[in-house]
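Below you'll find a set of structures to go through.
The same chain A turns up in both complexes below, where it pairs with chain B and then with chain C.
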Partner chain A sequence: MAGNTLTQSRCSLEGKVIVITSGKGGVGKTTTTASIGAALALEGKQVAVVDMDIGLRNLDVVMGLENRIVFNVIDAIKGKCKIRQAAIKDRRIENLYLFPASQSDNKDVVKPDEMVRFCKMLRKEFDYILLDCPAGIERGFENSIAPADEAVVVCTPDISSIRDADRVIGLLYAKSITPKLILNRIVPDMVARGDMLSHQDVVDILSIELIGLVRMDDQVVVATNTGLPLVLQKDSTAGEAFRRIAQRLNGQKDIPIQIPQSTKSIWKTIGQKLGLGK
Partner chain B sequence: MINGSSSEKSTVRLKGVREGLWVTLDPNQPVDILKADLTKLFAQAKHLTHNAHVILDTGIFDAPKSLTDELTRFLKDKFHVESVSPPKQETTERQPQTLQKYDMDHSWRRQASDALIIAGRVRSGQKIQARKHLIVLGDVNPGAEIIACGDIIVLGSLFGTALAGQSDQEDAIILALRFRPIQIQIGGIVAAGLPESGSKTAEYAHVENNAIIVEDYLTSNPFNRFTWPEIR
Partner chain C sequence: MFNGFLKKIFGREGSGNQAKQRLQFALIYDKLEISDDILNLLQQDIVDVISRYFEIDKKSLQLDIRKTEGRSALVVNTPILSAKRQKPIVREDPKLNRANEKKGKHSGSHR
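Now for the complex of A and B:
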């Protein structure tokens, strides 16, 4: 497109839709969506997080906003309310808005093309629209990937999660979406002992771009229970990892990925550092 | 061989052969049932059917020309096959070919490729079927399935499921640079959960005395014993 690049970057740049998906349930999609959404908003971006888990809403609880829901995303899509009415502003973080799922509906009430139209409107208002995809590869998944420009696949270091992530990656490529990988719930001591697959093992199989490694961290549960966003917690390794992931997604490519280190095995640590330079 | 859904008996069978797709059907069945069964099988083998040569075998029965014409039109319109023809009488006996085989200078000349060669990673949930041999330049992930009527060669890691020699060619082999399949089948023989051999070199599986054996390819290469290079 020709034209004034400056005005273009200011006005006509539409927001980006990123789907957070995994195939397998319970691997950390909702945690990731809430954390990256919060971190991007802290970077000064206008962010919408959308709970696509219609019928099993979760994201509102993780963000501590469940008591503010009046309208939900289905109401907004179906025109029962204005889009603004369904957007719940975060309590602590500026520029962060939640579109909660409906708890009563079924995933089939929305069609992929309705999602595309809905996101088209959101793109005008927000810099980033994060879709918290439900587990599985059925309608909820289709609805979530239909409008997506990018995809983040969340995976844990276990065989079944990897298998499902791999399936999802194939389906994303089939839709011409290039997925990026977050490995969640890493326990460095177990990796050091050989009881858990290393991130390298997982990347070898999935062979997509890695954008972050997140430790198993008790603060994740604390954050959910207190409603204080993980990325605002000072001593959360997971929160720190998600902040860096958000920066990477936001175009800061040179931020290195930190490998969670075992506290016990110093030799392993040195070995891995040497290995990185290769 | 690909049959229709295993629960109900299909009136049509489909098999990949050197010349193309060999379709065996019972011409005494109603044409609508034949079409439905053909659709089921051809839809499954989608990437093989486009521009394929179909050999329509009606077994011991003679099919009326009206039926073969109708099915020919049907397959061409619906699945874009290149041609449909009856089986040639001599295909079962291949005398001339045996002689030709030893003519080093000419035997390959007329051989069109029998191998499907694909490059890339085959992921969980993906399934690739080759009419004859299958060569994968890349890895086959756990949960992926690769199927061939002939040999399977993976120039990469084989972690998924591989079915060679389908459905009854037990002389087929499966070879991979890194051989860690979840399950393999050669002909009708199944081997599941092969133990880690820890081998760092290429290994291959073949059938010996009704069992699947996995061996180091370089040290026990079975083809070195052939007196002449042969077409697989």
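Now for the complex of A and C:
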């Protein structure tokens, strides 16, 4: 549990709160939170991931911890249980803890200042606290950004996701948070063909710092199906990308961002453009 | 013909380019949206300024943002009752004038 041993090993350093947000739903916030959380823990950090999607919890199933929920984050915030009682320890990855959302409450049961106070306590126990923000820009969003030191905006290369990301970036700046960008669900073949916005296009439009590029990867679905951590999947390009993002977040700035490459040969691509073959 | 061939291979004619252009337009357009609160404040300020020079019917002043494809315009419409004979009061006060100039130097230029 997030108990005494943790406090001892962490001395007096304060942990960092990072919110994972997007505006638009279904772009990969939960996948990102679970993967970066696991990867940071594998780097040896004490990590808490918090499901802020109150009423629609999902981070628990993505992490394969759904059978172990007794208390949830609302119980912890409202003092119905001790904080450590609501933290579920991942048995596969050392130092990784999940605070599940409550399924019966509504997002309005928590106020932003309660979240600030709750995270203040978590900072004493953990190096990183990742908040999986719900879609939208209402109360759930406000609750998630209120305690955040940093923000990661996830978006996909499509118009509606980028527009929503732009709106969220504006709201984060208004709170004096400078967000970093993850572009998810990239299909390199489509980019090569000119039918998908490239990462340069997206960075041009949003003009914020890029921290990672994640390609569309079947392994994401497999990992979610099985509840096994994506970052432990050896042959997953997305898992690899998330591991590198975690290292970058953790201060290893020299790790280059890998650009997802098309697997097709150049000749096949040219053939396709000319309408030859499939 | 050869040109078209090259474009087909190297060109960026795909729908991605269209998406980028549409997005850039949409984002500019989104940011032109102004809340009613701000419009009300602006209207108040405009009434004050115009009233220094003209006698106007303050209630009938209309302030609109008119959007057409590609651009937005701020439209102020007010009937003038009469022009004021004397010089505007604000200008005649040298103290105030200097204060305004100073302000202009420090903060005005940077908007």
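By our rule, the second predicted complex is superposed on the first by the 254 of 278 C-alpha atoms of A that agree within 3 Å, B and C clash if a C-alpha of one lies under 4 Å from a C-alpha of the other, contacts with A are read in each partner's own complex, and residues count from 1 in each chain.
Going forward, contacts are C-beta pairs under 8 Å (C-beta built on N, C-alpha and C of every residue); 3 or more make two chains touch, one makes a residue touch a chain.
All figures in this text were calculated on a predicted structure; none of them were measured in a lab.
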*Return fit or clash for chain B versus chain C, each positioned on chain A through the superposition.*
clash
*First, second, both or neither for A:D166, with chain B first and chain C second*: both
*asked:* Per the contact definition in the header, classify A:I205: touching chain B only (first), chain C only (second), both, or neither.
replied: both
*Return first, second, both or neither, reflecting whether A:D158 touches chain B, chain C, both chains, or no partner chain.*
second
*Dominant contact partner of chain A by residue count, chain C or chain B*: C
*Touched partner set for A:L197, first chain B, second chain C, both or neither*: second
*Which stretch of chain C would you flag for clashing with chain B, going by 2-10, 56-64 or 92-100?*
56-64
*Touching chain B in one complex and chain C in the other: list those residues of chain A.*
159, 162-163, 166-167, 205
*Partner chain C, residues of chain A touching it in the complex*: 157-159, 162-163, 166-167, 190-191, 193-198, 201, 204-205, 270, 273-274
_Please output the residues of chain B touching chain A within their complex, sorted ascending._
121, 123-126, 139, 141-143, 159
_Touching residues of chain C toward chain A in the complex: what are they?_
8-9, 11-17, 19-20, 22-24, 26-27, 30
_Per the contact definition, I'd like the list of chain A residues that touch chain B in the complex._
159, 162-164, 166-167, 169-171, 205, 207
